[in-house]
Amino acid sequence: MSDIPAPRHIPDRLDKPLSSAIFSWEALLVVVAVAIFAINSFASPYFLDAYSLSDLTFNFTEKGLIAFAMALLIISGEIDLSVAAIIALASTMMGMAVQAGADTPVLVAIGILVGLGCGAFNGLLVTRLGLPSIVVTIGTMSLFRGIAFIILGDQAYKGYPESFAFFGQGYVWWVVSFELVLFLIAAVVYWFLLHRTSFGRRVFAIGNNPVAAQFSGVRVGRIKFILFCLTGLMAGIASVLITSRLGSTRPSIAQGYELEVITMVVLGGVSILGGSGSIVGVVLAAFIMGLVTFGLGLLNVPGIVMSIFIGLLLIVVIALPIVWRRLRGNS
Amino acid sequence: MTLSGVSKSFPGVRALHNVSLSLYPGEVTALIGENGAGKSTLVKIMTGIYQPDAGTISIDGQAVTLPSAHAAFGHGVTAIHQETVLFDDLSVAENIFLGHAPRTRFGTIDWRMMRKNAREVLDTMHAGHIDADARLKDLGIANKHLVAVARAMSIDAQIVIMDEPTAALSMKEIEELFLLIEFLKEEGKAILFISHKFDEIYRIADRYTVFRDGEMVGEGLIRDAGQSQIVRMMVGRSVDHIFPQRKAEIGAPVLSVSGLSHPTEFNDIGFELHKGEILGFYGLVGAGRSEVMQAISGITRTSGGTITLEGKVIAPKSAADSIEAGIVYVPEERGKQGVVIGLPIFQNVSLPSLKRTSKSGLLRLSEEFALARSYTERLDLRASSLSQDVGTLSGGNQQKIVIAKWLATAPKVIILDEPTKGIDIGSKAAVHGFMAELVAQGLSVIMVSSELPEILGMSDRVVVMREGLVAAIYDNKGLDAETLVRTAAGIAA
Amino acid sequence: ENVKIALVVKSLGNGFFDAANKGAEEAAKELGDVDIIYTGPTKATAEAQIEVVNSLIAQKVNAIAISANDADALVPVLKKAMERGITVISWDSGVAKEGRQLHLNPSDTGLIGETIIKLAADYLPEGGEVAILSASSTATNQNAWIDAAKKILPEKFPKIKLVATVYGDDDSAKSTDEAKGLLKSYPNLKAIIAPTTVGVVAAAQVVTDANLIGKVNVTGLALPSEFKKFIDNGSSQAVALWNPIDLGYSAVYLAHDLAVKKEEAKPGATLSIGRVGKVTLDDSNSAAMAPPFQFDKTNIEKFSKIY
Amino acid sequence: MKAFLKYREIWLAAAIIVLIGLISTRFPGFAEPGNLAQVFNDTSILMILALGQMVVILTRSIDLSMASNLCFTGMVVAMLNAAHPAIPIPLLIVIALAVGLVLGAINGLLVWRLNIPSIVVTLGTLTIYRGATFVLSGGAWVNADKMSPEFIGFQRAALLGIPVLSWIAILVIALFFVLMTRTALGRSIYAIGVNPTASVYAGIDVGRTKFIVFCISGMIGGLSGYLWISRYVIASVEVANGYELNIIAACVIGGISIAGGIGSVGGAVLGALFLGIISNALPVINISPFWQMAISGSAIILAVVLNARGERQKGRIILRKAEAA
């Protein structure tokens, strides 16, 4: 028996070379963000101004809030294209409540609950009937907004109470808006949830291999359902913010937000195929998108031209590490 | 075909280093090596799926490059790969001819011709019972394998490579496969045969080549080499694969199953498992053993019957329920059901035990590492760190992760479905030794296996299943292989 | 230091607004000390316009003159602009009273409502069925005109029967589908009234394609340069519009005078708009520029060269 | 598989007939041949686009940039026509195909060479192509007035009593039918969707096939660009904004599995027709336009539910008695 070697010791981690930290996705995003910040400061004299920077955050906070939940959902291998439609429906319901004389707390509750309900509806269709989420939510996207159109038609709801305006227009301290504070709190909460809890671990496991996760005792259906509910919930919260910021509701509210949210998530380094991603990346991506749109806005570049930059950014940032690796591999 | 000086590295892993290999017409060469020795990597290089970092490949004395699978076809190289690589939703004929379908004058696909040729190929292989128009997913697993072979034949290949072709087959199908290999030999084809089963190698191979850690360590004629000699080359030490001696302390029944039924897969399954017992489940592939085990562990829904664990009736509705109750199922399909590729080793191991390694929902990494370390080291895992992605491990090492992760849940009953499928002889001994240790500690084990020696060597009792029913339950005292095979196949003694 | 005036439009690329920009530049030249920022979203939504306004606030422009995509949704951000000392007026498509200092209507709302019906009625002495193809269901100005038209219909045009109002969202494809639907569902339809420059072109093209020239008359509000073809081919007898160049000119003129504190916006005030004349503010601080102007075979040639 | 697919298409065709029947009860003229031919004509562009999207989806990819490609190419040909009315229409169509091909090839190269998931690539080019339209045109629209009569008239000309647009759709359908059932490329497309790994082992160049597929969808986008602009006689940045989702919806209703490998030309055509009929019928049967969105959303969900029912595998049957039953 003497020739049987003792069990090999397997180290927990290999010391990662410094280069892997330097070339991580988040590091890349930080560089991009700093670069854009610098360019903005040079390009426009108005950029470095407390009020400008504060206004800038409004360009991403609402979408960013949804992006956190969407990141988890995409990591788990699903997607929700109906978030913008959920915003419209939740906003419409809040509008109806206003007509019925509801006050601010009730309105907020309605917005959030409608969001949650829509999310649960998506979740049920996907997990109970085993349908692909991308098609289900293309369907519910039309359905939810369609209901808003049926209810509102060519009308608008307005007359939201004064106190309701705080959520989308209020400032907590100096130029720090309520929306920004909420965004930062949500970032911390979602970071914790994804990276520090067993729930988050299970989300990663599901995204990488749902069958193996199920065999390992992960309640795949339940977790996906919760993620759809969370996404709906965040859309509901975003609906409260947007409705408060606009002070009115039209069925066409937040049109096209879903693709911007997904762009944010993907730019943040979340794999669209599921299984990997980080909240830090999403936060950075939100800031980057805000910086780009606001910076170009200061130069009066039309929104559609900005979107070229966002599209290029998305592809370039994703392609860069691949090209880099290839170049290094060849040399 | 001759390969010389071939090397291949993956990020962080040197899979092959300066290896050489020659194949001869009309001969079967066996490629032998531990898990992760680099066998499948070599196959992928020979079939144009991977490109070697260095080295040359020559066919009939001429140097060739194989930039794609298509190019390899062109040179008459074809392979039956370790993972099944066929198209479930396409017909048998399409599966055989995809990529080289007969064309009409207009360059469009000639469907009639394709079906006809498919039938001819299947006939020459004595597989005429397979319908060329059937959809592949409606075939049994053995027939699927035959289709893979037919595909190899249809290319008129000179070189046929088989990477663990018998791992998913039972005795009967293995015999058929061997007949086919004989037939190919007579046709003058050069065959590379990869297997971890020595009985097969001795039956079918003419030559052998042994790999260890990505290097070639020996080759020669099979008839000149003894098994222990080859094993020594392979592992670098001698391994006596003797099934562990156990003093069976069989206790009271732990798990009893009665009348367990499913609308289409199995009916009226009943057996008892005692404390400290290893209960073998034998049957032909497709007999429904896995289905029954998945039902017991809550993954498949049943239509009736009761499961009693330690006197309490349980009705698990998911794997989570059964793990909580103390029954764990180690699945057979490693890649699909076992490991979570993309997550590091320690996270794979702790996944079913997250409740224990976390505290009110918060992860505790040190606990996870400790858990992962204790189990992987006992199974002699070969890995550079516990944070390595399981996807970069060889098949056999992945299998060790699979076993480790469910053992780590500290169960009362553990169900192992083909636990040694595709793992090398050294690790196999380790797994068997480990099983013996488990039962000695008072655990109860159900072991589903299609390998007779394993069943006979390890089990205290054997349940034989046939077509979704329990055919017989035997006490493993003086039980012989013949009885088991006959019962499983439904042939009267 | 020049006065920076932002002319914010519903969406860029629309010929109507490009013409308004011409007028704005003209006013800037005339006033001498004015820089014009011509901007707007490409998609006509309130959210996109809010982002534009936010960036204008950051640039510390002196005045914003906006044609709004939504009367209510823009109010908070425009209020913020006013709090930061920026003069805000709306023109063409207005915002609610709290969100601006004054609103310049291209014309009197009631008058426009009457005109669009009259354009159809003039060619239907016997009366008959007509339908309205509007822009988006949320467009402030269109809705106001349609309301006015509906009000005036029973008293002034009893023989005209309004059978449907549909919305083409200022999207040519959707407008086309809706116009086709109208022709199918109302075989006796005599006229389609489209008080939007996109919808009117789509409707005229549909009528042309369906070989209904002479049977169904298309009318509404149209830019002569875009619409000449359909007056020529007979699918439309006449359309109306105000002069967008004058509108842009007037908006900048007013914004400038308020920004430099030359004038003050309060009910009843009479303000000068340079070469276009004078306007008087009503109770809600809105004013109408000029009556709509009608184009038909006799004059379309001339105006199609101008805007 | 064949029998099964046929079943799905027959089922969808039946649903369409029932739908037409229902509409006819409220609007008798709807089922008349003349009207149906017109509905077909109205749906032609969607059918063509759905076919282009279908080949992409079959390979487990997706092309979200088709509508933007349409917008860009449409603007190119419209501006060309406005500037040089003498360019003959067939040449313009070739130009449209070529421009579309280039845009599709850009998608395809990124997917092939850099291995970026197609949804990410086309999410990016979705905005880039539309933005490029703005840059190209300087934001200005090209109106009916600037287009030549031939440009507008070509697709409206009748050939054997049927407009050229319908003929183009029929031709495209026929081409795709041959491609998908009679060519090696067609089989490779299915094989990649069914099992990409196995395709590599079978000697199919998966990357290159995906590239080709994106070139096809690009050309389709380009062709549709001309058809769309000359149909709606206005070229602007907002043309077909958001239409990518309608195209995908048509495919989904047509039974094309988003997971790849399952779907047919007939399915895509019927799926597009289904949507076309709904949007055609709502205005005629006097349902408020505000209902349209909710109805088509429900139709999509219903279609997915039913398709999933059909796709659900029966599984192997081990028990003899169950097999007999």
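A, B, C and D label the chains in the order they appear, each numbered from 1.
Here, contacts are C-beta pairs under 8 Å (C-beta built on N, C-alpha and C of every residue); 3 or more make two chains touch, one makes a residue touch a chain.
In this text the structure is predicted, and so the values were computed from the model without any measurement.
Taking the mean of C-alpha positions as each chain's centre, the chain lying farthest from the centre of subunit B is C.
Rounded to a whole number, the gap between the C-alpha centres of subunit A and subunit C is 37 angstrom. Centroids of subunit A and subunit D (each the mean of its C-alpha atoms) stand 30 Å apart. Inter-chain spacing, taken between the CA centroids of subunit B and subunit D, is 43 Å.
Here the spacing of subunit A and subunit B, counted between their Cα centres, is 42 Å. Residues of subunit A found to touch two or more other chains are 153, 251, 256, 302, 304.
For subunit D, the set of residues that touch two or more other chains comprises 134, 139, 237, 290.
Within subunit B, no positions touching two or more other chains are listed. Listed by label, the pairs of touching chains are A-B, A-C, A-D, B-D, C-D.
Residues of subunit B touching subunit D in their complex: 47, 49, 68-70, 72-73, 79, 81, 83-91, 94, 98-101, 103, 107-109, 135, 137, 140, 151, 262-267, 286-288, 291, 467-469. Those residues of subunit A that touch subunit D in the complex are listed here as 81, 125, 129-132, 134-136, 138-147, 149-150, 152-153, 251, 256, 259, 262-263, 266, 271-273, 302, 304-308, 310-312, 314-315, 318-319, 322-323. The touching residues of subunit D, when paired with subunit C in their complex, are 27, 29, 35, 42, 134, 137, 139-141, 143-145, 156, 228, 231-234, 236-241, 279-280, 282-286, 289-290.
Subunit B makes touch with subunit A in their complex at residues 237-238, 299, 318-320, 322-324, 329, 331, 336-343, 346-347, 351-352, 354-355, 357-358, 361-363, 369, 373, 376-378, 380-388, 405-406, 409.
Remark: subunit A residues 3-5, 7-14, 196-202, 204-205, 207-209, 211-219, 275-276 touch subunit B in the complex.
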